[in-house]
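Provided herewith is a single structure, encoded as C-alpha cells, for subsequent inquiry.
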Amino acid sequence: MTALLSVRDLSKHFRGLAAVSHVSFDVNPGEIFAIIGPNGAGKTTLFNMIAGAMAPNGGTITFAGEHIEGLRSDQVAQRGIGRTFQVVKPFPALTVEDNVVVGALMRTNALGEARKVAHEVLTQLDLIGKRDQLASSLTLPDRKRLEVARALATRPQLLLLDEVMAGLRPTETDRIVSILRDLNRSGLTILLIEHVMRAVTALASRILVLHHGAAIAEGTPDDVLRNPAVIESYLGAEAL
Amino acid sequence: MSGLWHNAGWHGKAIALLLLLAFLAAPLVSDRYLLSVLILVFYFAYLGQAWNLLMGFAGQLSLGHALYLGLGAYTATALWTLFGIGPWIGVFIAIPVAAAAGMFVGWLGWRFAIEGVYFALLTIAFAEFTRIGFDHLQITGASGGLFLSVNGPGADKWWNLGGGPLLYYYLSLILAVGATFLVARLRQSSLGYRWLAVRENPEAAQAVGINIFRARMIAMLISSSMTAVGGVFYGFYYRNLFPSQVFDISRSIELILAPIIGGLGTIFGPVVGAIILTPLGESLTGLMEAFGINAPGAKLIFYGIVLMIIISLRPDGVWPWLARHLKLDGARK
Amino acid sequence: MSFDHRKLSRRSVLAGTAAGAVLLGAPAIVRAQTKALKIAVLLPQSGYLAQAGQSCHRGALVAPSVLSDFGHQVELIHIDMESNPDVARTQTERAINEGAQCIVGAFDSAGTLAIAQVCEQRQVPLIVNIGAAPQLTEQGYKFLVRNFPTGGMLVKNGLHQIQALIDATKIAPKTAVFLHANDNFGMAQRKGMDALFPTAGLPFKLLESIAYDPKAQDLSVEVTKIRGLNPDLLLVVTRAADAIKLVRDTVRQKFQPMGIISPGAPGLYDEEFYKALGPLADYHIDALPWANPKSKVTQALEAAFKKQQPNYRFAVECFNVGFTFDALLIAADAFKRAGTATGPELMKALMATNLVDHTMIGPPIKFDAKGQNVDIPSGCVQNRAQTPTVVLPAEVATMTPVLPMPPWQGRT
Amino acid sequence: MTAITLNVIVQGVLTGLVYGLMALGLSVIFGVMRVVNFAHGEFTVIAMYAAFILFEVLHIDPLIALLPIAAVFFGIGYLLQRTLITPFIGRAEHEQFILLVGLATVIVNGILLIFGPDARPINLPYSFDSYTVGSLFIDKVRVLAAIAALAVAAALFLFFRYTRTGTAIRACADNLTGAGVVGLNVKQLYAVTFGLGLACVGAAGTLMATIADASPGLAQAYTLLAFTIVIVGGLGSMVGALVGGILIGVSEALAGFYIQPSMKSMFSFALLIIVLVLRPQGLLGRRL
C-alpha cells in the first residue's frame, strides 16, 4: 500500500535550536494516525511544516505522490489537506454558515453549491441549528467543531487536527471522537496531534511519539504505550 | 445585489426604491445649490465604496488613496489638454496607470509582510512622494497646476465631460449607484467571501486554500481603479488640478470618513456616511451664517466634535444601527 | 434644461429630496428689494490660506461704508471657503440662490476656478481680487474679470522696478539668486522669471533659481545654499511665514546681500514679519502693486479702515485690503452704469469698465477681451521703521530707496 | 568634505534632535499602547503656543518654560487617556484614527479661532545669535534646543530604566496579559504612559517654538514627520527615535543642499518606504 502522506528525514531548527530533527513516518490512506509527545516536543512545528505554515530546513514531505515541502499553506490546502488550529481561528464577524461556506468555496466558485456543502457538513457536525449565529458568539466546544467543519468543507483527503480535544469536557470529547470515527469510516484519513490520551487510544490505529524533536517510538497504541522509552520520557511524566 | 435584494424586506425595498427615485427626480424640483451638495454626496459615496472594498472587505488600511485619485485625475486631464484625447478614452488609460501604482504599493506591502498601521504609513509615503514628484513634473505644469479650457474645441460637450450641473449630477449618481451595485455583487460572490475571510483571519483563510496575496491584490486592483475613475470625474468637474490639492493627505483622509462613519465593511455604509457628512458640513456653515457668527474655524470645530461623538457612540458606523432601527435585514451587509 | 430655484421653496425641496439633506436647513430666502448690488465675497478665512484670506476679509468688511460715501450701494455676503474648492463651489451656488448678483474672490487659484465654473453656468460675474495664475483669464471664462496682475506681469513689472532701484540708488549688483516657494503662486512667478529675465537687460547675472517646499519647517539649508553662491541680490517669492524663516536664517548665517527684493510676493510686509524680526525687518523691498497714498479713494479707505479695524495697520494690509476693495468698487461701478444686476448686462458693463479713481497705483482700470486688467503697474515698497513705505515711482513715493541695506549687525 | 557641507550636516543633526524628541513622545504612546496618535503634531503646536504665551506674558525663556509645560502636558495626557482614549484601547486602528482626526480638527481650528492665522514668533534676545566655529555658523537656539532635547530624552530613558513605574510600563509594552496577571494596574500605567508621551511632546513643542514660529498650519506636517521618524528609527526604541530624527534631519538637509530644496521631503518618504520594506522593525528596533 502506498502511503498517502510520507514524511522523510524532516528537520526544522530555530536559531540553531533543533525543534524537529530527522523525523520520518508514513500515514496510510484511511487510517487515523496520532502524534503525541510532551510540551515542546516539536509536535506543532511538525504539524505546521506539513500544513505549509512553515518551511522545513531539510527533509521531504510527499502527499499523494507529490512533494509539498515548502509550499504555502493555501497551496497545501488546495492539494487536499485540511487543518484546524490549536488556538481556534474562526472568522468572528461571519456567521457559522458563512465560515463553512468560505471553506467550501475552495472547490467551487458557485455560492449555491458551497452553501449546500456547508449545510451537509454543519449537519454532520451538529452545528446546523447555530448556522445563523456569529462565530464570535459560539462557546469553545462549538468553535472547535466549527474549525473541523470549515476544514471538512474543503473536501480534504487528509485532515490535520491540532489538539482539537484540548480544553473540552469528557462528554464533549466523546462527541467529537464519535464524529471523527464516522468521518474516518466514510474514507477520510486523519492525522491528529493530541494530549488527551483517552481520545488517542480510542481513535488512533498508529501512534508516533516525539521527544525533543525526535521520533522515539512508532506503532499501534498498545505497542507504544508499553514502550519503556515512552513511559520514561512522556507517560511517566504526565500520564502516570 | 440580487441576493441582497431578495433578502431585503418589503420596507427595505420600498425605502431603497423611493430614495433612488427621489435622487433621479431631484433635478426637477431642487435648486442648484442642493444639486451641487448632492454631487459631492455621490462623489464621496463613490470614493467611499472604492476605499471600503479594500479596507472594509479585504481589511487593508490605506491612508493614501489620494495617490490613485490624483493619478486618475492627472492622467485623463493631461491626455485631454496635451493630446486632445477625450476623457471617455482617457479613463481607460487613467485606470491602468492608477491600478499599476496600486498593485506596486500592494505588492511591496504584502510581499514584505507590512501590515496594519505600517501598511497605512506605506500608502501615505507613496502618496506624499508622488505629490512632491508632481510638484516638479513640468509637463503637467508642476506646482503651477494643470488647467482645462472651458471654451476650447469640444470642451463644453458632454462626451468630453464638459457641461452643466445636470451632467455631473447624473454622472456622479450613476457612479455612486453603480459602485454600490458592483460592491454588493462582489460581496455576494466567492471573491467577496474570500476577502472577508482574509480580513477576519489571514492565517485561517490561507488554511482553507485562499491565496491571501492574490485576494488582497485583486481588492487593490478594483479599489485603485475605481478611485482613478473618481479622479477623472474630479478633474473634469473642477477643470483645474494642483498636486497640493489632489494628492494631499487631507484628500486621503476626507475620502475615508464616509465609509467609517457610515459603517465599515457594509454595502450601504459609505452611502449613508456621505449622506450624513457632506450635508453636515454645509448645514453647519448655514447655521453659522444664520446666527451671524463669522468665526473662521468654528464650523470645523463642530465638525470635528461630531466625528468624535459618532465614532465613540457608533464605532461600527451609523448604518448597522440605522438598519436595525428601520428593521431592515442585512444590517451586517 | 434650465434651472429656476424659485420653482419651489427650499423647504419643500428639502422635504422632497433625500433624508440626509434635511440637515441642510437654512434660513428661507428673502429677496432683497433694494437698489443695492448684492455681492458674495468668498475668501479662505480658515485653512492654510487663512492669513491672507482674513486680511482680504477686513478689506471687504470696511468696503460698504466707503462705497456708500462714493454713492454706491452694496450688500455683502461674507463666506469662508476654508481653502477648499469643494466648499467654494457649493457656497457659490448657495450665495447665488440667496440673491448674490456678483461674486468677488477668492485669493487662491483652485478656489477661484471652482467658483468660476458656477459663475460661468449661472451667468453671474466673478471679479478676481487676487490670484496670479495666468490661466485664470486664459481658459475662456466669459463671466470672469481679474483686477490683479498675472505672475508674468508681476515679474515683468518687478524687473522694471529693480532696474529703477539700481538707477535710483547707484548700486552695482553683479549677481542674484531667485528663491521661490514651490506652490502655484511661486511657480507662476518662476515661469515668468524663466521667460523674462534673459531679455530684461538687467546688469546682473542670475546665478540660480531655487525652489523650496512651502511645507518646509525651516529654510536654513536653503540659506546655506544661497550663502555658498554669495549673490549680491536675493530675489524671493515667499509665503508670509516663510519670509521670517528666510531672514532669520540669513542673519544667523551672517550672510549680507545688498538687498532682499521680492517681485510681488506677500511675506516681506506682513505684520507677523515685523513682529518677528523687529529692526531686522527693515530695508527689504517688495516690487508690487500698492495702494496709491495720493488717491482720494485710498485716503477714504484708509480713514474708514483705521476706524473699523484699530488693531490692524492699513499700511501693512493695504495690498490685500486694497485689491479686495477695488474689486468691490469695480462691481459697484459697473452696476451703476448698467442700471441692472442681471448677469449678462452687468458683465457687459464690467467689460466696459474705465475706472479712474481707485485704490491701487495705476491708470484707469480697464479689462481686455479676456477680462484681464493688463495695466497694473508695480511700485517699490521698502520697509522703513517697520512700516512698508512707497519709495518708487517717485511721483507717489514718500521716501527715497536705500540700497545696499545697512548691515544686520548693529540694527538692534 | 567642504566646510559648507559640514555646516549643512551640523544643522541637520541639531534640528533632527528636536524632531527626535517630538517623535519620542509618539514612540512611547504607540509602542506601549498601540494607539495611533494622529493628533500628535497638533499637540506639538499647542505646546508651541503655550511657550509663546508664557514668553509674551511672563517673559519666561522657553528653556525654562519647558518644565512647567511638560508637567501640564503630562496632566493633560493623563486625563485625556482616562476619559477620551481608554474606550479606544485595543479597538481597530481606523476607529482610533477617526477619533484622533476629529480631535486634530478641533485643535487646529480652535487655535485658528483663538490666535488667528499669523505665525507667532518668540523673540529671544539670542534668537539671531550664532556660534562661529572655524568657517561654520551654528545657530545658538538650535544648539540649546538640541541639548535640552537630549536632556529630556535622557531623563525619560532613566525613568524607564530605573524606576518601578518605568519598568512596569515596559512590562506592559512587552506582554500586556502578563502584566495584568502579575497584578499591574494597566489602566493607571496607560494613563501615565500617555501622560509621559504628551510631556515629551510638550517639551519638544516648547523647544520647537524657539526654532520655528507657532502657527496652526504646522500641525499636520509634524504628525507625518513624527511617524516617519519613529518608523525609521524603530518603534519602541528610545535611542531609535533620536537617531531617526537625526537621520531624517541630515538626509533632508543634504538632499536640499545638493539636489533641490523643494524635493527634500521626497527623500524622507523614500527612506520611510525603504525602511518599511527592508527593515520593518526600524533601524534600531527589536525584531517584530
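Going in written order, the chains are labelled A, B, C and D, and every chain counts its residues from 1.
Here, contacts are C-beta pairs under 8 Å (C-beta built on N, C-alpha and C of every residue); 3 or more make two chains touch, one makes a residue touch a chain.
Please read all numbers here as calculations on a predicted model, not as lab measurements.
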Item checked: Identity of the most central chain, Cα criterion -> B
Item checked: Which two chains share the largest set of C-beta contact pairs -> B-C
Margin query: Distance between chain C and chain D based on Cα centroids, please, to the nearest Å.
Written below: 36
Check: Taking each chain's centre as the mean position of its Cα atoms, how many Å separate chain A from chain C?
Finding: 74
Item checked: Centre distance in Å when chain B and chain D are each reduced to the mean of their C-alpha atoms -> 32
Checklist line | Residue numbers of chain A (touch at least two other chains) | finding: none
Item checked: Sites on chain D at which at least two other chains make contact -> 109, 112, 260, 262-263, 265
Next item on the list: List, in ascending order, every residue of chain C touching at least 2 other chains.
Entry: 46, 50, 53-54, 182, 211, 213
Margin query: Following the definition at the start, I'd like every touching pair of chains, please.
Written below: A-B, B-C, B-D, C-D
Checklist line | chain C-facing residues of chain B, complex | finding: 19, 22-23, 26-27, 29-38, 40-41, 132, 135-136, 141-145, 147-152, 155, 164-166, 237-240, 242, 244-245, 272, 275-276, 279-283, 285-287, 289-290, 294, 296-297, 299-300
Note to self: Under the stated contact criterion, what part of chain C meets chain B in this complex?
What the structure shows: 1, 3, 5, 7-8, 10, 12-14, 16-27, 45-46, 50, 53-54, 78-80, 82, 85-87, 89-91, 93-94, 96-97, 109-110, 113-114, 117-118, 120-122, 133, 135, 138-142, 182-184, 186-188, 190-191, 211, 213-214
Notebook entry, point to check: In their shared complex, at which residues does chain A touch chain B?
Noted result: 51, 53, 72-74, 77-78, 82-83, 85, 89-94, 98, 101-103, 105-106, 108-111, 114, 150-151, 153-154
Checklist line | Parts of chain D lying in touch with chain C, wherever the complex brings them together | finding: 4, 7-8, 11-12, 15, 109, 112, 116-121, 123, 127-130, 132, 137, 139, 211-213, 215-218, 221, 225, 252-253, 256-257, 260-265
Note to self: Using the touch definition from the top, list the residues of chain B that touch chain A in their complex.
What the structure shows: 3, 188-190, 193-194, 196-197, 200-201, 203-212, 265, 332
